[in-house]
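Both of the next two complexes hold subunit A, though its partner changes from subunit B to subunit C.
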Partner chain A sequence: MSIDRRKFLKLAGLAGVGLGISTPDLLFKGSAAASSGHSKAMAKERLALVIDIRKFKTEEDYKRVIDACHSIHNVPTLIAEKNDPKNEVKWIWKDSYEHTFPDQQDEFHPEAIKEKGFLLLCNHCDNPPCVRVCPTKATFKREDGIVMQDPHRCIGCRFCMAGCPYGSRSFNYVDPKDYIEKTDPAYPRRTMGVVEKCTLCVERLAKGLGPACAEVSNGGIVFGNLSDPNSEVRKLLASNYAIRRKPSLGTLPSVFYIMGGEENAG
Partner chain B sequence: MLDKALTGSKKYWTLVFVLLSLIGVGTLAYLYQFKNGLGVTGMSRDVSWGFYISQFTFLVGVAASAVMLVIPYYLHDYKKFGKIVILGEFLAVGAVTMCLLFIFVDMGQPMRMLNVILHPTPNSILFWDATVLNGYLFLNIVIGWTTLHAEKKGLPPAGWVKPLIYLSIPWAVSIHTVTAFLYAGLPGRHFWLTAIMAARFLASAFAGGPALLIILAMIVRKHTKFDPGKEAIQSIGKIVAYAMTANVFFIILELFTAFYSKIPGHMHAFQYLFVGLEGHSKLVPLMWASVVLAVVSLIMLIPPSIRNKESNLVKACVAVFISLWIDKGFGLVIGGFVPNPFDGVTEYWPTLPETLITLGVWATGFLVLTILYKVAISVREELGTAGGEK
Partner chain C sequence: MYNGGKIIAGLIIFFALVTFPFYSNFGKTAAKVTPKLDTPVINQLEKKECVKSKDYMKAEHMKVLDEWRDEVVREGKRGKMIVGGLEIEKSLQNGCLKCHSNVKTFCDVCHTSAGVKPYCWDCHFIKEEGQI
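Right after this comes the complex of A and B.
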């Protein structure tokens, strides 16, 4: 059977579609990574959050966001309320400037920023150490950049907790079902002995919604695709000075903090 | 040959009974932990590995140290180790048994343990650690058992054992290197993120393991007809002396890098361990005890005039073992979690159930060791080759 050039290209194209890959990605991934420093610079989607700390003014601004997340994901918040930090489970929480940026803080930074509270959560790193160390692939990275875990596969070895440089992971040291304020039947509870963390609301994204924290934040948290130059997150990052936690470790977090100056930090 | 473990003196059965009781208590404590979760331990969100993983780390070293007898005996044909090499191999079996049990009791979901095999993940060091540890256990059981069996029959070991013995040498190095890699490749944990970690692990292993072996050999000699030979003990003493010196040297290298560079992240864990950090200093007395014991042991080990006296050597070995147990079986793992990723300090101390489980695992390892040693010694007592050169 002979085959002409036109037919061959058609077939090759079909094969590419069938495999769900585009040829340039396959050929140039390595070189693109080398030039940009991002391991998956060509990824079509890289979901990210931009936290604009200027928009968080009162205690209520933080609490609304934290409660929205914890209540819909059946996070056992009563452990923290019992004042038991040892066994605490949290997906998103507020901490001080020094604790959020231990390597980047400076005693001469504006007081208004130093006194600010910061929201901490999983950074959904582009180069996640937790995924690298997990011995069962219970923690994995999705095509869209979300770092996920499968609580049914997790063996509870806690290697990911040692691997995460951001303290984003919690382990269920006690049975969480006794410490959930009000169980939401729409979302699964976790079992004792597994690790959990923020999932960037994958269950909501599947329904076409955004993450719950962003939804209730009154613009304080913006969600979007970092790979799309026209996305809102990219526009915010292009027009504001934003930083990420512990950049020197090369994990490439997908959570950014717009710091702002004194005039708008209060 | 296992039947030899079923007959023994009153002393033997007392030891077996004591170990079994400790295992029983440990098992009950484990059932309590299994029901109530790892919250019954001292581990926390910040210090997420504790006593179990640090004991595991220490014991991998003890297991690897068998190679310090295997190399001279099989590669250099150093005949004086002929009698004691089996004790080293069986010590490795007991130690790896404890390692695997410590990993098991540390799991949040132990019923899912097989996921490590069902979903093999080569990018995870833990996957490799499980692989090399099981391989090493297998190698030492097969080598120890077949060589002893051949000895019993008055024959040379089967030809196919030789390649396994040679394989066990790099394999021993691999188990402790891979264990060091569990720690040495984690971004953001400055205390562990050091290229010398594996070398330090091996140095401390080759000091601590043989030190324990000398202590065990002395106990065995006191209570049975078995005598490994004075010269063999002295040679192992030399190994302990060199390895302990290398280990202390490596720690000094770490201290130089941390405190000359003055990079806060590199200094913090050392500060926490030796002087306390932000008012937290629970481990300070222990760590200084380790330092003092290390210095004392070197003073006793380095000059041959002191070391050559057997009673001194045993004391020095006890000092080495305790010093390294504190340094590696406690400080190394806990220190790596301080300060936490938020630059805060959360302290750790084992709880009662955690301690009982730990004791239970040690007792299991020593029961395995007791049975294997009993078999080895009984075989030799029957052959009339147990006594030392007089």
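Right after this comes the complex of A and C.
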């Protein structure tokens, strides 16, 4: 018995529908899981920082934090000054209100907040776009929520820099070794051709210390576990109005900013 | 054969040149390089030992480093070890080089002799400054 074209197409269509009904997981669930790296359920541990901008009053407050981080991680701070701004390598830095919260600005926000500088760093997103785009899995999310970078595996493609909406990643366009003011022998430096960023001080956390920025911030940066309702960060977030950067992108940052009002922001 | 003499003479010269490394080194033994273990930390160790046996480390130290790297960077397993009474970290910079602080006379002698150029030092050691 031969089968004509019309019958074949009908049968094929029916088979396709049947497959979709009997095993919807096969068609839909897999692709959904593959497209988003994070799950809705709260992880046991999700490390976060709460930055209280009311505690940052003078230029010195910012500089102390930035210097503490960059000096222990051998971040080449001179590159931006000596060459092209694109060569700048930064783990934590200061930027304006407009650049920090481009989609949350308001004409009627307190002037003091509009004029303020904000400390920016890797947001250690719960749904990190940099991890999704990395072709070698050099960037990955640890179980405790830290978005970590393995420079050994980085091929320097810079997809992660394109993926990160916060500009938290820097590429070593030049060999950084000549631009490190004082090399800390306890921490490696990076080589030309790799991307680097804040690691939330994994090497210090392993020793039971907190991140260096939080340590020197005089309470301006608080570190803790978002999954623990009794942690200091959760208490701060429950009692203060805090915002995250670019929430509409759905990256779910783990860095929060307590804004405060006119009386505090000066 | 046209120009036979020239061809044969050319071939002889060609083979003489190609095989030069073989007959010039024939019968000679390569200069033996011995990594120096004479550092202040090693001299003070209670027991002269490394994380694995000497023979294993000689042949497979790069594998040990590779495993440590994956465990520490990717899995966050930074277990500490007691080696010869000294506590060391699973780390090239903060582990190996604590004892083997003489990179030039320990690491480099063999690497140079074997003609390998590991790029560990691009990030993990400040060669110009000599020691960590």
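The definition used in the following text is that the second predicted complex is superposed on the first by the 224 of 266 C-alpha atoms of A that agree within 3 Å, B and C clash if a C-alpha of one lies under 4 Å from a C-alpha of the other, contacts with A are read in each partner's own complex, and residues count from 1 in each chain.
Note that a residue touches a chain if its C-beta (ideal position, glycine included) is under 8 Å from a C-beta of that chain, and two chains touch if they have at least 3 such contacts.
All values reported here derive from a predicted model rather than from experimental measurement.
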{"item": "Clash or fit, subunit B versus subunit C on superposed subunit A", "value": "fit"}
{"item": "Partner touching more residues of subunit A, whether subunit B or subunit C", "value": "B"}
{"item": "Partner chain(s) touched by A:Thr183 [first = subunit B, second = subunit C, both, neither]", "value": "second"}
{"item": "Partner chain in contact with A:Asn87 - subunit B first, subunit C second, else both or neither", "value": "first"}
{"item": "Subunit B versus subunit C as contact partner of A:Gly250, first or second or both or neither", "value": "first"}
{"item": "Contacts of A:Met148 with subunit B and subunit C, given as first, second, both or neither", "value": "second"}
{"item": "First, second, both or neither for A:Glu98, with subunit B first and subunit C second", "value": "first"}
{"item": "Contacts of A:Thr136 with subunit B and subunit C, given as first, second, both or neither", "value": "first"}
{"item": "Which of subunit B and subunit C A:Leu119 touches, first, second, both or neither", "value": "neither"}
{"item": "Least Cα gap, in Å, left between subunit B and subunit C after the two complexes are fitted on chain A", "value": "12"}
{"item": "Overlapping contact positions on subunit A, where the subunit C interface meets the subunit B interface", "value": "191"}
{"item": "Parts of subunit A lying in touch with subunit C, wherever the complex brings them together", "value": "140, 142, 144, 148, 150-152, 177, 183, 185-191, 202, 206"}
{"item": "Residues of subunit A defined as touching subunit B within the complex", "value": "85-88, 95, 98-100, 102-103, 129, 132-138, 153-159, 161-167, 170-175, 191-195, 246, 249-251"}
{"item": "Residues of subunit B defined as touching subunit A within the complex", "value": "36-39, 41, 43-46, 48-49, 103, 106-110, 112-113, 115-116, 118-119, 121, 123-127, 130, 182-183, 186-189, 265, 336-337, 340-344, 346"}
{"item": "Parts of subunit C lying in touch with subunit A, wherever the complex brings them together", "value": "69, 73-74, 76, 78, 93-94, 119, 122-124, 126, 129, 132"}
